[in-house]
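Here the chain labels run A, B, C, D and E in written order, and each chain numbers its own residues starting at 1.
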Amino acid sequence: MILNYLSLSVILFCLGILGVISRRNVFTVFMAIELMLNAANLAFVTLARLHESMDGHVLALMVMAVAAAEAALALAVVILLHKHKGKLDTNVFSLLKG
Amino acid sequence: MEQTATYLVYIPLLPLIGALVVGILHLATCRTNRLPEKLYGILGCIGPVLSFILALRVFFTLKGLAAEERVLTQELFTWFSVGELDVSMGFLADPLSSLMLIFVTLIGSLIHIYSIGYMAEDRNFGKFFAYMNLFLGSMLILVLGAGPVVMFVGWEGVGLCSYLLISYYSEDRDNVIAGNKAFIVNRIGDLGFVLGMSFLFWGIGADGFDFLSLKANAHNLTPALGITVCLLLFVGATGKSAQIPLYVWLPDAMAGPTPVSALIHAATMVTAGVYMVARFSFIYAHAPVAGAVVAWTGILTALLAAVFAMYQRDIKKILAYSTVSQLGYMFAGVGVAAYSAGIFHVFTHAFFKALLFLGAGSVIYALHHQQDIWKMGGLKEKMPITYKTMLIGALALAGCPPFSGFFSKDEILYSALATGHYGIWLVGVGVAAMTAYYTFRMIFVVFHGQPRDREAFNHAHEPSKVMTIPLIILAVGALFAGFLNLPGIFGGDLEVSHWLAPSLVEHHPHTSWFVELLAIIISIGAFALGFRAAYRKFGAGADEPSYTGFKQFGYRKFYVDEIYHYLIVAPYQLTGKAISYFIEPYITDGPVKLTSWLYKMAGAAFKLVQVGYVRVYAIYMVIGLSIMSLLLAQSLNL
Amino acid sequence: MHDLLVILPLIIVGSGAIGLMLLASFQSLSRESTSILTMGIFGFAFFVQFAAPNSPDIMPFHDIFNGMMVVNTFTKVAGLIILGCGFFSTMIAQTYFTQENEFVMEFYSLMLFAVCGMLLLTLSSELITIFISIEIMSLAVYTLVGYDRKSVVRSEAVLKYLMLGAFAGAFFVMGTVFIYAGAKSTTFSTIAGVIADSGFLGSPTMVVGAFLILVALFFKVAAFPFHAWVVDVYDGAPMPITGFMATAVKTAVFAVLVNFLVMNSELRDSWITFLFYISVITMLAGNLIALGQDNLKRMLAASGIVHTGYLLIAVAAVNAKEFTGGAVLYYLAAYAVSTLGLFAALTYLGGKEEQRVSFDDFRGLARVRPYSAAAISIFLLSMAGIPPTAGFMGKFYVITSAIEADLIFLAVFGIFSSILSMWYYLRLIIVMYFREPEDQFEITEMTFAPIGTIILAFSVFAMSFFPVVL
Amino acid sequence: MPDIILSIMIFVPISTGLLLLLVPAGKEAARGVGLVVSVIVVLLSLKLFFSFSGAAATFEFAQKIPLIDSLGISYSLGVDGISLLVLMAAATLFPMVYLLFKSREKGYYSNLLIVQGAMIGAVCASDMVLFYIFWEVMLLPIFFMIGFYGGPNRLAATLKITIYTIAGSLLMLASIAYIGVAYHAQTGQWSFDMANLAQMSLSGSTATLAFIGFMIAFAIKIPLFPFHTWLPDAYTEAPTGATFVLSAIMAKIGIYAVIRFVVPVFAEGMTNYGLLLAYAGVIGMIYCGVTALAQKDFKRMLAFSSASHMGVIAIGIFCMNVQALTGTLYQVVAHATSTGVLFLLLGIIEERMETRNIEDLGGVAYKAPVFALFFAVAMLASVGLPGTSGFIGEFLIILGAVKFNVTIAVLTGTTLIVGVCYMLWMFQRVFFEKNNQKTETFQDLTLIETLTILPIIILIIFMGIFPQPFIQKITPAAEHHTARHQAASGSSVHLADNRVLQISDKQEKD
Amino acid sequence: MTSTLLFFGFGLLSVLGALGLILFRHPMNGAMSFVVTLISLAGLYALLSAKLIFAIQLIVYAGAIMSLILFIIMFLNIQESDLPVESGRWFYLAGGTAVIAPIAILLLKVVKTLPGGDTVIVGGEFGGVKGVGVLLFREWLLPFEIVSILLLVALVGAVVLAGKREVKR
């Protein structure tokens, strides 16, 4: 039963990866990353349940905090980019290459 | 046993000092004010004359000693000593070298004197004398060297001087090329010499690498190694003494001034090979196989050169080939272990060949450097002294009794016969006839009959005293030198041979007086035959023949030079070009170039991978990740 | 008290960062004084760190932090390197801003924050703490990269860095999850204990967890195939930050990498093959990328990838013998010195708005500014590993440790890759020396970067002869 | 007793050179300084030479300062019979360059100073790492000299030589590290000092790898076939000073390094691959010699000739008997002097006639007899004419080669022929034949130039006639070296009869 | 039994939400479906008797963070034209899935190796505010402290990057 939770988290994690590599919309990409972190959180909580120790919960809390911080910065960047190009397409920003 | 003589070193040193002084004077003054030629002449002649005197002293000192003790040595300093190898810079005078000394210095001095006249008004008078002195010094080192290595110094030194003097008129490319040829061919021989020395050292040289100790240890030499050494050394001899297959340089060497040809390419240097073989008689005596090789090479060279000599039209070329041919005799002699006979021929040959060359020189000088015999003729009224002296020389060369050449040559042929080398003897007799033929062909065409070039003939005249006196002295030598070594049948008892005995390892064959007599009669017959043929054809003065058929073939020396050129020289040069224009850039350096090219290409390719799309970078990451996780899954065998 | 002393530098930097932030918000300080203040803070922290005694593992405030923080000589030296990088980066930044570039007051406080995160990174011995420290460092650096809102390339750089960084961070978290699943804890000591008891390869969860964590760290140090971002980001970042990223970040992350691997010998040994291949491919790829570049920043970024490869050799060769642990640090220090020196020189020569960045822009520099050219050549030679520079010594230690750890072929590959790297290092020297100058390389006014260049140029030699790190 | 004379000889030139770079100085001033310093070095080296006993095969004038204890790296210098002559070559030949070539740029002279110091250091270093440091440092000035003052496509040339050589030496670095580790494994402590390293002898596959690493590095420097391809370009493009340094001294340091570092440690490698390497030397000698004949560019031709002779010199190492080894060590100096003079004189030709094309020259001997004489002497020395320094070495090498392997010996001997072919060919075209309008105006050496080159010419002849003073200083070391090698590799120490029999068997087959 | 049903329900919802996030073209729709995922995750936390996390998930995540994101999306008022034309999206999705498959399989297999266990709600302090809080302040003080620094940095960063104010030169 526990394993199903973990499998679910793995699936969500992989869906997150899929979102990152298959989408060009900045928002979607960031939310996909959030999804990956959430998957990790699910796993933490599940393992806490499995190990009967609450460390997992603390870890999940920490991850949430980090996720929040990242989200804040990410959104700032999104605004920045939108100011520049008025677009949310990651492929628009490819001046640096070669 | 041996005694030390502190003056030996001066014999080679004096000419060398002379060379130094004259050379520096010349260098210092050649571009500004030239010094008077007399000065150079005197300075140049001092050295040789003094060394001649010293040579006499050596001779008499030796004579004063008992036969076995006739060895004078002088060790100057340790030249170099590495491990077992210990080479000392030392000199050795024994009967053999003393004999060489005497005629080398004597003829050397005479030719120096002669050159004062011959080289007059030459732009580089001083240089010439410097070179000549240098040559004489090296030659004396060669003769006096106490060990193979010291000998090699002189050996190469004379080679160098020969190169310098052949290409003396260096404005003309052909002369320089002739000089290069001489040097390079000699170098091929020197390779043999060096290797021979090395084998000799590892064979027996470990304790003492000079002739005396080598001679003492000669018995330790394994037979195979002995043959190896002998053959290698003989390669050196063929180079220096112009034997098959390395004789080709000598005729071209005639490009040098005539005194040079007389001194270096007739009397002294070219006989160094024979001297060297005699020096190493203590090895050759134990290696009869090698001896046979030497003898056959020599006699065949004699034959070939005689054939060439019969068809040459350049007077100096004729003499050059006759030299080669006579050298062949000498090698036949030493080859059949008759070392004294060979050396004696060297001795006599030095006189008459030098004489002939100097005579030819004065003819050429008189005719303003005309060398083609078919442009000469009837000169005997114009230049009587030259004619007479040259006639003597010719008779000696042709082996007409009682001239010197007869005795020495006959001694060689007799030894060949006596030691049972009948083939060699037979060929030798044939060559003797041919010798007589081409010698008198030259004499008759040049001096008898009608002048073919009137205009030149009128200007011709006898040269000055300074040139004629040496001729006369040499003529005397050519006339009487033979009597020094009269065989028993003529009432003598081979004085020279006995004189040389201590320094050689040979035993004189004893045969019945009948064989000896037969040999003499036959060789006289050969001379008569050749002389008669020559007289019939050219005696009354013949016109220039048309060089066709075999004549042409012989005149072009059987195209040997061309063959060498196309078989060796041209391929060599071609290889050089091929390497430098194809192999070096494309094959040897190819991998290097290719590597760097590939590297640059790969770099350019990687530029394309950096597309700049962030998602693509993420995809790279994930791809890498998935590959790794595949491997991980495998290694965890899940 | 002693516990306080060892984490004092961390406290100094952190409080300094906060202080500067406040000052900035009140805009009460001039640009110059801010930079000098920052340098002062770094210098002070540096000396405090330096004064701290060398020691085996000690856990400051064990009862409070219950062993999530470990201090030893290794972390001390790593911290020294990081602080030094911070110091010189500040110097460079000061010059950079005198060249009419955009400036924001928080710049320096963010640098201090980043360094704070790095110090934490070197000290922490607990996975989630490490994650948070990484994020502190990264967020600060993201901001530093993109602080200049007027410029598109900066924003693009920060986009790429942030996106991929967060992506990799997610992997780190997932790795933590698996380690936690396997070991019931995330502190190194416990994990090491569990591995010692039940073995490492025995529990796949641990292996996968360690694998994901390594991947995340490899991303931070730009190992192949996680290197792609580094070229663009370094190119887009402002010059001082590029130098800062190339040196300080790399040092911190490698410190963590080593700390993580030396946790348990079995753990380390089971990854040697992995490290082997990664480092070989990384060196190769780095060289190939660097060869094609015309822009110096990009070239240096790519060469940074190559140096990551070398460092991975050293990491693979890390073993019980203490001196190879030093090989990593010494190499990091040598690399930091030459890289920072190079960036310092490029900064003050680059002119306003970084107008000179490509190889050709530096044509004939030696004729106009011989000393700068000489300094640049020294740094390049040090990077290429030509004696008598620090880079050579570093390379020598790395090679020696690799051979000692019986990784002969890894050593040979390292040699080959440094042969390959000669091309692009020499290329710059040739351009500087053997081409005719067209530019006058005017320099604004007397600033810190030249001084920094000189100091670093000398320390390149000093380090090679007095390798204090070892 | 720490003796600092070597340190002075190393660091006075280097520091002076660096100082010259830093301070603004005129061309003439720079040249003067360089001249003074090089003369000082010459005097010091002479003092060293005459106070060198060489009786025992040990390091003299030794000096040792530990640098990095954790690795046992130390700053340790010393001279023994093996390094003595190379050191003399590196120390004494330089003044000529300053005297002959005026009004070059400042950097030219300072680079010369630096490279001289570095080369002396490389020769004196008895610690492998220290040696490596100097070994690399001595390349950089060459890199700059070619790049700054070289010919038309100097950039390609300098890049090629630099990368080529550094590639080699980096491989050597790995080998050095391996040796250190091996020593650590055997004895438990770190050291890179030859005094210690020479005590052990490595074997096994990894040791072979290390051996190959060393040999590639030195084969590139010497250069041995087929690693010579950088040489023609570099020599041709380089300014005369750099060519002189490269050909006269740097190549010799490669030879020296093989003897000093490879032979003692890799006895097994030498026994297994000595023959192969000797063949490489032979092939290189013939290959380059034949190529030299086809060159139109005078300098290129001399470059190939130099490479060809280096092949011969290298053979002497691999024969591994005292004669050959001494011959090599002697030939190192002989060739340094002769080829150095040749390149310098060529530099004068290049300077005065703006051409190196052999076809454009001719009849120089008539216009400049002194020049021609000097050139001839150097040329004859380089073709190994007895009475010049060149003969002793070549003879000893061939002699030793005969003991080592007859085929090698015979092929080595061909250098006598190969050498004269191209040399005489060149001499004919350049010095003989007719003048043309280029050579009409050729000026002979001035008094200064004459006096500059004369000592070397005299030395060449002196070394041909009185070699023993030099040889007796090097033979003890050479004997010690070979004896130890043969002991290590278990081959026969003294000339045994079977050797001779072997030769005779060989002959019977023929 | 009910818990199993609930798990599958929430699990299904969360997966669907995630798919929606990936597949919707407009970020707004994506965000909405992501909220679904987050809420269903909260449900799962509850099932795992992680009370505190359940609450925080709802308040902080689904509440604060998502509303922030949505606010920004609104604020930028994105038109259809601003959105990237992701023509090859399906291709990328397919390819991406193929690439990710190995990773997913590996992780799933590894998960399978863990010991299983049931998820009956454990009452008492487990997962409660007190339990977690005590743990947080006793053992996890260091991360907790530095998280504050992290948030500070994020704050400054956001201000520097997106803040509207006069840039002093």
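The working rule: contacts are C-beta pairs under 8 Å (C-beta built on N, C-alpha and C of every residue); 3 or more make two chains touch, one makes a residue touch a chain.
None of these values were measured; they are calculated from a predicted model.
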Chain labels contacting chain C and also chain E: A, B
Count of contact steps on the shortest path from chain B to chain C: 1
Chain nearest the overall Cα centroid: D
Chain whose average C-alpha position is farthest from chain C's own: B
Top chain pair, ranked by how many C-beta pairs fall in contact: A-E
Longest centre-to-centre distance from chain E, chain (CA-based): B
Whole-Å separation of chain centres (CA-atom averages), chain A against chain D: 66
Separation of mean Cα positions, chain E and chain B [Å, integer]: 103
Whole-Å separation of chain centres (CA-atom averages), chain A against chain B: 97
Cα-centroid distance, chain B relative to chain D, in whole angstrom: 36
Chain E, residues touching no fewer than two other chains: 96, 99-100, 103, 106-107, 109-111, 113-114, 139, 143, 147, 150, 153-154, 157, 161
Residue list for chain B, restricted to those that touch at least two other chains: 607, 610, 612, 614, 618-619, 622-623, 625, 629, 632, 638
In chain A, residues with contacts to at least two other chains: 6, 13, 16-17, 20-21, 23-24, 29-30, 50, 55-56, 62, 65-66, 69-70, 73, 77, 80, 90-91, 93-98
Pairs of chains satisfying the touch condition: A-B, A-C, A-E, B-C, B-D, B-E, C-D, C-E
Complex interface listing, chain B residues touching chain D: 27, 30-31, 77-85, 89, 149, 152-153, 155-157, 160, 163, 167, 170-171, 173, 176-177, 179-180, 183-184, 187-188, 190-191, 194-195, 197-199, 201-203, 206, 222-225, 227-228, 572-573, 575-577, 579-581, 584, 588-589, 592
Sites on chain C touched by chain D in the complex: 323, 326, 370, 374, 381, 385-388, 392-393, 395-397, 399-400, 403-404, 408, 411-412, 415, 418-419, 422-423, 426, 430, 433-434, 465, 467, 470
Touching residues on chain C, where the partner in the complex is chain B: 159-160, 163-164, 167-168, 171, 201, 204, 207-208, 211, 215, 219, 224-226, 228-229, 231-232, 274, 285, 287-293, 420, 423
Chain D residues touching chain B - in the complex, by the definition given at the top: 160, 164, 225-226, 228-229, 232, 287, 290-295, 321-323, 326-327, 363, 365, 369-370, 373, 380, 385-387, 391-392, 395-396, 398-399, 401-403, 409-410, 413-414, 416-417, 420-421, 424-425, 428, 432-434, 444, 465-468, 471-472, 475, 478-479, 495, 499-501, 503-505, 507-508
Residues of chain C defined as touching chain A within the complex: 128, 131-132, 135, 139, 142-143, 146, 149, 152-153, 155-160, 162-163, 166-167, 169-170, 173-174, 176-177, 180-181, 184-186, 231-232, 235-236, 292-293, 298
